[in-house]
Amino acid sequence: MADEIPVWKALNMAMDAEMAADDSVFTLGEDVGLYGGSYRVTQDLYARYGEWRVRDTPISEGSFTGLAVGAAMVGMRPVVEIMTVNFALLALDAIINMAAKIPFMSGGQFPMPLVVRMPGGVAKQLAAQHSQRLEHTLMNVPGLRIAVPSTPQDAWWQLRQAIRSNEPVVLLEHELLYFSKGPLDTELPPLPMHRAVARRPGNDLTIVSYSHMANLSLKAAERLSAEGIDAEVIDLRSLSPIDWDTCMRSIQKTHYLLVVEEDCGFAGAGAEIVAGLTKRCFYDLDAPASRHAGLDMPTPYNGTLEAASIPTITSIVAAARQTSGSGEPS
Amino acid sequence: MKRDTLLAMLHDMLLARTFEERAAQEYTKGNIAGFLHLYPGEEAVAVGVLHAAEPNDYIVSTYREHVHALVRGVPAGNVMAELFGKRDGCSGGMGGSMHLFDSERRFMGGYGIVGETYPVATGIAYSIAMQELPEAVICFFGDGAVNQGTFHESLNMAALWKLPVLFVCENNRYQIGTEIHRHSAVTEVYKRACGYRIPSEKVNGMDVLAVHQATLSALQRIREGTGPQFLEVETYRFRGHSMSDPGSYRPNVEVQAFKDEDPVTVVLEESIPDYPSESQLDAVGRDNIAHLTGHMRREGYLEMEDVERMKKDVADIVDQAVSFALNSPEPDLQAAWRALYSNRGEEVLI
Amino acid sequence: MADEIPVWKALNMAMDAEMAADDSVFTLGEDVGLYGGSYRVTQDLYARYGEWRVRDTPISEGSFTGLAVGAAMVGMRPVVEIMTVNFALLALDAIINMAAKIPFMSGGQFPMPLVVRMPGGVAKQLAAQHSQRLEHTLMNVPGLRIAVPSTPQDAWWQLRQAIRSNEPVVLLEHELLYFSKGPLDTELPPLPMHRAVARRPGNDLTIVSYSHMANLSLKAAERLSAEGIDAEVIDLRSLSPIDWDTCMRSIQKTHYLLVVEEDCGFAGAGAEIVAGLTKRCFYDLDAPASRHAGLDMPTPYNGTLEAASIPTITSIVAAARQTSGSGEPS
Amino acid sequence: MKRDTLLAMLHDMLLARTFEERAAQEYTKGNIAGFLHLYPGEEAVAVGVLHAAEPNDYIVSTYREHVHALVRGVPAGNVMAELFGKRDGCSGGMGGSMHLFDSERRFMGGYGIVGETYPVATGIAYSIAMQELPEAVICFFGDGAVNQGTFHESLNMAALWKLPVLFVCENNRYQIGTEIHRHSAVTEVYKRACGYRIPSEKVNGMDVLAVHQATLSALQRIREGTGPQFLEVETYRFRGHSMSDPGSYRPNVEVQAFKDEDPVTVVLEESIPDYPSESQLDAVGRDNIAHLTGHMRREGYLEMEDVERMKKDVADIVDQAVSFALNSPEPDLQAAWRALYSNRGEEVLI
C-alpha cells in the first residue's frame, strides 16, 4: 500500500535515492544546502552528503547553471535548482546555447547528464516578476527535454529518470503542488518518462493539460460529469517530447479537444499542442480545438485579479461546455 | 546638524519600524499575501541615505523597499494599500509589496529579480548625464545581489562613462540563509568596487548620522562630476528574510547581538531621560545610534515629550494607513488592461 | 519614383531621421559607433550625433539593455542594437521581466519607449550558437510588440514607428535581408505598424510567412503559378500582435493554409499562427493547416546540412503542393 | 630550458601562423564559410600556455581557437576539415570554426557566445575539486569578454570554492572595433581579479618564454591547492577581428608597431644567421621573442637548417591538412540527428 506524501517529499526522496546510488550526482543552487531548499526538496541532504555534493551558491544563475554544464561534460550528474523559474531567464544562455547545443555542436562527443529543476507557475500573489512561465521558450529548444510532474508518484520517478538520463532535462515543478499529497509506491515500475496518461477516461471531450492545471482539469471533469459531460483528462507529464499518440487516441474517441494551460495563451505551450493535434486529428475533430489559457497579461498582484488571469475549476468547466458544444455559443 | 533634521530622521525611523511590524500583523491576518520582506533593523540605512537626497534625485530599490518608499515621501496609506493590492496602492494594486512605484517622487520601483536595480539606475543616470542635469540616482541592493552579473556589467559602464549613480549596498550579511562568507570570495563588499575604480567606502549602518554624512559627501562628489560612488552600509535584519522564513539558520546569539545595537530601540530607550544615564550612554561604544541621541540630548534637542508625541504620531499614521488600505476598493480587470496598455494611447496598431 | 536601396540603408536612414527629429532618441550597442554597426545600420551616426547618442558598449548585453529600460522610464527613446539575436538570451531578463512588465507592475506610471533591434535568423554557416531564433519566446510576452520587416519600405517605416511608440518594441531583422534591395519611397504614408499585407494575391492557397521567409514564399508562389497553383502570400510584418483579419479573409477565399517559418517547428511562431487561424477558420479550411518550418535541430555548420535544416524555395513549393492537395500524399 | 622544448614551441608557432594564413586563403576560395576569427600575432600566448599544461588538464576556449586546438594536439587535418564542415572535422562538421571540440585531448570546446568559457571551465574544475584529482582547467577569453557578467559570477565561485582554474586573458586591446579604454573602466585587466582575491599577473604575450614560465608557476600553485589563478597576457592581432572585418578602426601605425614585434616573423628573421646581427638582436629590446632566438642561438640550439626544415614541415602539414579536408566527405542529415541524440542510447522516452 502506497503512503500519501507531498510532492516535495517525493522529490526529496528521489534526490536522496539517486545521490546514494551514484557519487557523481550533486546538486547546487541558492539555499539548497544549510537552509534545505526553499521548497524543502533538498532537505537533510546537506548533512548527509556534505557541501561538495549539496552546494549553496551565490546569486549567479547564469554561471552556476553554466558551471553545471561544464561538470556534466566531464560526466558528473548535476541537478541545478533554480530557486524559481523566474530567475531562469538569467540562465537561458547556459540552458539553450550551451547545454542543449554542446552535444550537437561537438558532433556527439560529450554527455550532458544535466537536470535543471525550476519551481514555477502562478502561486499566491507573487506578482508579475515572480509568476513567469517558460514552457514555450524551453519547448522550442531542440536537444532539451521537459518533464512536468503533477503527482508525487510522477515526481519521484521523473526526477530519477531525469538524473539518470544523459540528455539535459528541465523539470518544471509547480509551486502549488509541493504541498499537495498523493500516494507514492516506490515499488511500482516507472512509465517511460515522457508518456502521457489519461487520468480519467471519458467519451465526450478530451481535455489535455499538464502539471497543476491537469489536477484542476480532473476536478472540473468531475463537475462536468454531474452535468452529463463525460470528459477524458490527459495529463501530458512531458512537454518535450509530447506523447501525441495518447492524445490522438483520445480525440479519435471524443472528437472534441480542449487544452488547458496556465501560461499566457498567445504563443504558449497550448499553441503547439493544438496545432500538433489539429494537424494529426483534423478529420476526427467535430469542432475547432480550444485553448483555455492564462490571459495575455503579466500576473497582477491583487488576488482577485490574479485568480481571474488563469484558469480555475469553474472556468475550465465553462470552457469544456463550450468546446463540446454544450455551452452557450461564444 | 539642525534639530529639525535630527527629529525628522528619528520620526522616519520610528515610522519605518511601526509600519513594518504592522505589515507583519496584517500579513498574518491575511490582508497581505505573497512575499513580504521586512526592514526592521535596517532603518538607519534608508533614513540616512534618503534624507541626504534631493527631490530631483531618483531612487531605485529592491523587493525590500517599503521603507525606502516611505522615507522618500510616498504616503504610508498608498504604500499599505499597495501591500493590500488595492486600487489606491502606489502601483494601483498591480505590483504589490515587491513593486512599489511612484513616478512623482521619482521612486523608480522595487524590483523582484535580484540584480535588476543596477542597470535601471545606470540607465536613468545615462539619461541625466546625456542631458547634463544636476541630478543623481541612488541604487540600493543587498550583499547577495553583489554576485549577480549585472553588478559587474553595470558598475563598469557607470564608471566608464562617469554616470551620476550612488551605489548603496545594504550589507545585512545574509542572502536569505546563506551568510556572506559562503557567497562571496571577498566579504568586504566595498572592496569589490575596486575592479571599476569607483570610489568606495564602508559605513556603519547602525549609525544614521554616519550614513547620512557619507551619503552627503558621495552625492556632493557625484554632482561635481566625478562619476559613480559606492557605499557599503553594514546593517542587520532582525526578522527572517521574508514572512515565510523563520531565519533558523542564524544563531540566536547573533540576532541578539545585533538587536542590542538596534538603531530604533536604542533611540527610544535613550530618549527616556533617566535611563540609561549619560555615562551608560557613553559606554555603549559600538552602537553609534546612541551617539545620535546622546548628541541630541546634550544639545537639548530631545525631550521625553518629543518622543512620546512622535511614537503616537507614527502609530496614528500607520493606523490610518491600514484603514485607508482596508477601505480602498479592489482594482478591476479593466484597470489591469489599462495598466498594461497605458502607453498605447490612440495608436492604431493594425 | 522610389529608389532601390538595401534594407540596412533604409534602417540607417530611419535612425537618422528619428535622431534628427528628436533629441531623446539615442542608440547603443557593441560597435554601433566608431565601427558603424556590424550590418552598417548605424553608419555615420557617430560622427553626426556624438558618443552620447551613439554609444559603443562593452559586451554586457544584460546590463546595457537594462540601462536602456531605465533611460526609457525617464522618457528617453533608446534604440538598443543587440549585435545579433543570439546574444539576446543574455538580455531576456531586461526585456521580459523589466521592459515588458514595468508599465504594468507600476499601474501604468511609466512610459517604455524602448526599441530593441536584433539581427538574426539563419544566415550563412554561422553554426548553432549564431543561428538562434527567438520569435516564440518573445511572442509569449504580453506587453511586448514585435515587428519583422522584410522590405526596405517596411524597414524604414516600422523602425520609425517603433521609435515613436511608447511601448517596448523588438525589431527582428533578418541577416540575409540587409543587403537585399528594394524600393523606398519616403513620401508614401505608412501602414499601421502591425498590419499584415498580401504581397501576392491568389485563390488556391494562403501562404502566411514573415521576414526572409516571406520573400522566399513569394518566389515559391511564382513557381507554383507555373504549375497552376495560385497562391496568396501574406507577409505578417508583425508577430505581436498578429493581424488575424488579413489572414482570415485570405483563408475564406482559398480554403488552404500553409505557414512558412524559419524557426524550429516544434513550438515555434507557426504553432500560434496555425492554432490561432485554425480556431478562427476551422470551417473554412478544406484541409488541416500545415507548417513548413525549420527542423527541430540546432543549426549544423556544414552548408548543405544548414540549407537542409530550413525551408528553401523548392521545399516551400513542395509543401504548398501538398497542402493544397496537389502533391503526393505524405 | 631544453632545446627540444624550445624547438617544439617554435614549431608550433610556425604551424599556427601557416595554418591560419592558409585558412584565410581557403576562406577566400569559398572552402570555409561563416565567421572565421584568426590568430596571427597571438601565437606566443597559445604556445606558451599550452606547452605548460599536462595531458590531463582541460582546455576551454573561444571562437578564436584554432591555434589552441592545434597546439593542444588536435591534428591539423581534423581542425581544417572542421573549418570545411566535413565529416572528419573534429566536431564532425557540425560545429565549424567557432566550435572545435576534442574530448580525447580534453579540448572542451570553442564557444561562440562571449563569456561562456568561464562557467564551463569553472564547472569542470568543480568536478575535479569534488573528486580531488590533480588536474587543472585552462580558461581562455579576450579583453572584451571581461565585461560579461559571467566573468564576475564565475570568478567569484572559483575563488570561493578554491577551484583549480587558470584564467588566461588574451588581451589584444580590442573588442572587435572597440579599443580597451572605451570598453573597460579599468584597462589593466589583471587588476580586475582583485575583486575576487585571485592571484593575478600581467605577462608580455610577445614573449613565449615569459608566458610559458608564468603559466608553469600558476599551474604549480593551482596543483598545490591554492585555488584559481589569473594571467593577463598582452598581445595583438594583426588581422581584423574576423574575415569580414577590415580592421579599419585601428591606425596603421599601431598595427605596424605591433607587427614589428611579431613573435613569429622575428623568430624567423633572427634564425637566419647573418641578419640581423647579434648586436642588432640585442638592440631589439621590446621584442622578447628575439631573446628566445638569441638565447637559442647562443646555446647553439638553432641552426639555419632547423628553421628551413621546420618551415617546410609545417607547410607540408598544412598542405596535407587541406587535402585531407578537401577529400573528407560531407556529413549527412543522419549524422546530424545522431549528433543531436548522441546521448539517448537505448532510452525509451514515450
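We just call them A, B, C and D in the order they show up, numbering each chain from 1.
Definition applied: a contact is a pair of C-beta atoms (placed from the backbone, for glycine too) under 8 Å apart; a residue touches a chain by one contact, two chains touch by 3 or more.
Fair warning: this is a prediction, and the values are worked out from it, not measured in the lab.
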Outermost chain relative to chain A, judged by CA means, is D
Of C-D and B-C, the pair joined by more C-beta contact pairs is B-C
Between the Cα centroids of chain A and chain B the separation in whole angstrom comes to 37
Rounded to the nearest Å, the gap separating the Cα centres of chain B and chain C is 42
Note: chain D sits from chain A at a C-alpha centroid distance in Å of 42
Multi-chain contacts in chain D, i.e. residues touching at least two other chains, fall at 91, 93-95, 99, 111, 113, 147-150, 153, 156, 160, 182-184, 336, 340
The positions of chain A in contact with two or more other chains are 57-58, 60, 62-63, 86, 89-90, 93, 97, 104-105, 127-129, 142-143, 297-298, 300-301
Per the touch rule above, chain D residues touching chain B in the complex are 147-153, 155-156, 159-160, 182-186, 191-192, 194-198
Residue set of chain C touching chain B in the complex reads 26, 52-53, 55, 57-58, 60, 62-76, 78, 93-94, 97-98, 102-113, 142-143, 145, 165-167, 192-195, 238, 241, 243, 245
As the complex stands, chain C meets chain A at residues 62, 86, 89-90, 92-93, 96-97, 100-101, 104-105, 127-129, 132, 136-137, 139-143, 240, 263-264, 266-272, 274-276, 278-279, 282, 285, 287-291, 295-298, 300-301
Per the touch rule, the chain B residues reaching chain A in their complex are 33-35, 85-86, 91, 93-99, 111-115, 144-145, 147-149, 175-178, 182-184, 249, 330-333, 336-337, 340
Listed in rising order, chain B residues that touch chain C in their complex are 58, 60, 89-95, 99, 101-103, 108-109, 111, 113, 116, 118-127, 129-130, 149-150, 153-154, 156-157, 160-161, 335-336, 338-345, 347-350
